[in-house]
Amino acid sequence: MATQKLSTLQEAVQTLIHDGDSVALEGFTHLIPSAAGHEIIRQKKRDLTLIRMTPDLIYDMIIGMGGASRLVFSWGGNPGVGSIHRFRDAIERCWPQPLAIEEHSHADMAARYQAGASGLPFAVMRGYVGSDLPRHNPNIRFIECPFTGERLACTPAINPDVAVIHAQKADRKGNVLISGIVGVQKEVVLAARRSIVTVEEIVDDIQDHAQMNSVVLPGWVLSAVCHVPGGAHPSYAHGYYKRDNAFYKAWDAIARDRDTFLAWMDKHVMGTADFAGFCRSVAAEGLIGTLPEELCR
Amino acid sequence: MSYTPTELMTINAARKLSDGQVCFVGIGLPSAAANLARLTHAPEVVLIYESGTIGARPDVLPLSIGDGELAEFADTVVSVPEIFRYWLQGGRVDVGFLGAAQIDRFANINTTVIGPYASPRTRLPGAGGAPEIASSAREVWITLRQTKRSFVDRLDFITSAGFLDGGDARERSGARGAGPTAVITDLGVLAPDPVTKELVLTAVHPGIDVEQVRAATGWDLKVSSDLVVTSPPTEAELACLRDLHARTLRAHGGEAGGD
Amino acid sequence: MATQKLSTLQEAVQTLIHDGDSVALEGFTHLIPSAAGHEIIRQKKRDLTLIRMTPDLIYDMIIGMGGASRLVFSWGGNPGVGSIHRFRDAIERCWPQPLAIEEHSHADMAARYQAGASGLPFAVMRGYVGSDLPRHNPNIRFIECPFTGERLACTPAINPDVAVIHAQKADRKGNVLISGIVGVQKEVVLAARRSIVTVEEIVDDIQDHAQMNSVVLPGWVLSAVCHVPGGAHPSYAHGYYKRDNAFYKAWDAIARDRDTFLAWMDKHVMGTADFAGFCRSVAAEGLIGTLPEELCR
Amino acid sequence: MSYTPTELMTINAARKLSDGQVCFVGIGLPSAAANLARLTHAPEVVLIYESGTIGARPDVLPLSIGDGELAEFADTVVSVPEIFRYWLQGGRVDVGFLGAAQIDRFANINTTVIGPYASPRTRLPGAGGAPEIASSAREVWITLRQTKRSFVDRLDFITSAGFLDGGDARERSGARGAGPTAVITDLGVLAPDPVTKELVLTAVHPGIDVEQVRAATGWDLKVSSDLVVTSPPTEAELACLRDLHARTLRAHGGEAGGD
């Protein structure tokens, strides 16, 4: 449909994400929608069920700022660095509020997104053999194969209210091109009721950039497409900028202490109008090492 | 030539990989070891990362499981659902190479919580890809530093199955593959007893004595009657590993990967 | 593994396909492994279980020449033309021998290949609602979702003894690149115990031709890769030659009558040493309109 | 301007598609109609073919469901498993546009056998994608030539569900979507009665009288009290359709597609 898909990130978050929604911000190390995460915090969304295979910095921020009441995930940490402290503080000490968790494995979360995208109510997998996870998660059950009698794990499909991803390019009709490590970007969008995609670049026609078998999400399956250059930082956008490993490491010190964390968020996220403002703000402290210079001044 | 315990562990882990094997690689030490193998004696080893990169040939070590470096030089990059379904669950992986926070005497792995699940003393990152790697790969190798805190008698939580309660418990569980056939630490190498499946010390690194290993183990560690001492790192191995780390450090702007 | 994957098609069919095997020659309209089908006929393989979503000319040939005892499929016809007469003759009149059939839908066959490639014993789908197919096929069963109670169809995974596909390019290590309509080419290969891929072209390194997210089958999952230019004719290989629609139409007259069919097969397939010979033989009768001229003389 | 019954059928089928609708297109007449719509009043219609092409914009009609033409100008080309799972079963299709060998009074479709299944008088091609298109798309349109042999009182075999035994049988079956909301033939248009779900003649084409339609129907055909006559093809519609067929004929070397 030729409806207008392009919008600002502010508008998209305002109109598409509501308090109490289940929201999946995805991006498997690559193409993490950080700018959208900030905007969720700026708009003080509350009581969110956050879904994500690898909750890392963006979810550490949302959880620490009190936006989430529940987390569905399979690995929560700062990749290559260590713990995410706001996540731990919420689970270990209920700060700033209790955080209910529902925990799966990567293979399972990926299968659950696939089931959601496929219009199926559940996913089947060979999984969790000998693991204690099913004891603590009633959403992991077991069924028998009707042909062989084998015991297989099954879990409910994920169909988030809203999916949020970052991607490289979109065209004026909102068709989106994703390349490199594509993770579950396609699945989460197709599984969700609504979706927001932030992109590095708007081009005239995606067909000039995509090969026949490229990973393309047609505009008609998306709710909003927002032009946010650098929007995956400190994650990366293949072909645009590298992963900011120093920022991931710096986050450990920022988020370890509650007050340091709150002051930092106040200054750089709540105290800025948008992602461009955030970039300038942290760049002024020498904290961004990978984004193009024009985004940081 | 002198070397660190971590270098020793990495080099011993790397030696286990044969050319042409298909290895599902965990981040950190397994990734350093697998790439060292690829850069030395096993140029045709196939490295698969859970981020969807098949046949990855990173020039520097990735800090995360999904660095661009992994995609850039891979044979192909597929989606995360596909990597777990078609490639891991599909039974195409020879070796699952895992790190761990804790293991027990039957090589079960905990990466979830220390303390009770509902009110953990320490919340660890969680399962990631490990439960299915541990039960789908033809065999599993685990590499971690050996201390009384990481080698515990009984885990608070089994995230990924080793031999469960030992004996034929793993077979009965429906897990596929041989399970953990080697645990490579900074002190030596452990392997399961063929019958009881309890981990037995089968090798110590040069300069390490058995009592040192026992002292770093949270249960009464059995020692193989055929205990051997691993060969010291060769100059070529050390040079290759150090080059790799130096390249990585430069590329990551001061952040070392794979460790 | 650096073992030698490249071989002749004759050797590959000889060593990898045995009488009584289940064999899936796939290619959804595009990249149909016709040359491999001919070679199966030349080598007089018998008692095959043929698996294919869309049995068309190649299976019409194998069935008519008495190579198959069973057929698993979801649509049997000459696309855009009409019936395949040898298939009908076998089912309707048991000529040249009875042909047992197991019939599914496309969505199901695709899901069954996926299950096979995924190491799962069965596939789950929303399917066959109100259809009579399940009454005639005990391999179509129904299960209840353990979470919602919904009724879903399920069928056993397909794991053929041998998968055979055509593709555009392979390199010297046997890595294969497929582009355009990719059908179930990847799934059938990953589901099968052994696999043969015929390709248009051998290149030095597939990485010089493939994008990061291209459809690539690494050589180490394949059993044999054979260089057979034109080997998909009368189907097509995107980027090499077009679909030979006139040949599909001509087939209707060739295969309608048993004797005409046998004489034609005798002359062009049994009477030629290989696919290059076949091309020359049919080209001499003006029957090939799409292949490069050098393949036809 | 004169026109053939097939042109009439194609143009009437094309008119039903709205701009921006997502249509899962069967080969043959549905494909001709859908592309005619795209080339006339519905430039932003999204055409999906089961071969995996999404947003196809063929310049000529495909002879098969997987011509290169479909891939060349599509928004994206995905695998066949994906097209059925993520796109059809995922509930993203507004209209499933099918041909048929036979239909019955409740718009059930037979494309499998005439005669008993185990010893058919005529073996038809089989199901293809139709059973799941028929039970997944928000609505279904069927287009075929109307004769006593194709419009039968009772099918020997139901390949794809219409309204089954009528009434609420379809709803009870668990099928999704509204089912066949229109059957477009060379004689007119049929639609299900809102309650009984029996097909009722709602429109005839110009120059066709009701008795002609009854004579081409294998059951006692009901006629709507609001029976209308379809508008004759416009010159623009006919010119566009004939151009399309002429281009197709040239491109296919004398083989017409979509018919």
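By letter and in written order, the chains are A, B, C and D; residue numbering begins at 1 in each of them.
As a convention for this text, contacts are C-beta pairs under 8 Å (C-beta built on N, C-alpha and C of every residue); 3 or more make two chains touch, one makes a residue touch a chain.
All values derive from a computational prediction rather than experimental measurement.
K.L.:
Among the remaining chains, which ones contact both subunit C and subunit D?
P.N.:
Touches both subunit C and subunit D: A.
K.L.:
In whole angstrom, what separates the CA-based centres of subunit A and subunit C?
P.N.:
40
K.L.:
State, to the nearest whole Å, the distance from the C-alpha centre of subunit B to the C-alpha centre of subunit D.
P.N.:
57
K.L.:
Tell me, which residues of subunit A touch at least two other chains?
P.N.:
Only 114, 119-120, 125-126, 150, 180, 182, 186-187, 212-215, 238 qualify.
K.L.:
Taking each residue of subunit D in turn, which ones touch at least two of the other chains?
P.N.:
In subunit D, 71, 77-78, 85, 89, 136 touch at least two other chains.
K.L.:
Can you identify all of the chain pairs that touch?
P.N.:
The complete list of chain pairs in contact reads A-B, A-C, A-D, B-C, C-D.
K.L.:
In the complex of these two chains, what residues of subunit C are touching subunit B?
P.N.:
So the residues of subunit C in touch with subunit B come to 1-3, 114, 117-120, 175, 186-187, 190, 206-207, 210, 212-216, 218, 220-221.
K.L.:
With touch defined as at the start, can you tell me which subunit D residues reach subunit A in the complex?
P.N.:
Residues 19-20, 22, 44, 46, 54-55, 71-72, 74-78, 85-86, 89-92, 136.
K.L.:
Can you name the residues of subunit C that touch subunit D in the complex?
P.N.:
Contacts found on subunit C: 28-30, 53-54, 73-77, 79-80, 83, 87-88, 91-92, 103-108, 110-111, 113-114, 125-133, 136, 150-151, 180-184, 186-187, 236, 238, 242-243, 245-246, 248-249, 289.
K.L.:
So in the complex, the part of subunit D that touches subunit C is made up of which residues?
P.N.:
Within the complex, subunit D contacts subunit C at residues 27-28, 50-53, 62-68, 70-71, 77-81, 84-85, 88-89, 108, 112, 117-123, 125-132, 135-136, 157-161, 164, 169-170, 173-176, 252-255, 257.
K.L.:
In the complex of these two chains, what residues of subunit C are touching subunit A?
P.N.:
Subunit C reaches subunit A through residues 119-122, 124-126, 139, 141, 143, 145-148, 150, 152, 154, 156, 179-180, 182, 211-215, 238.
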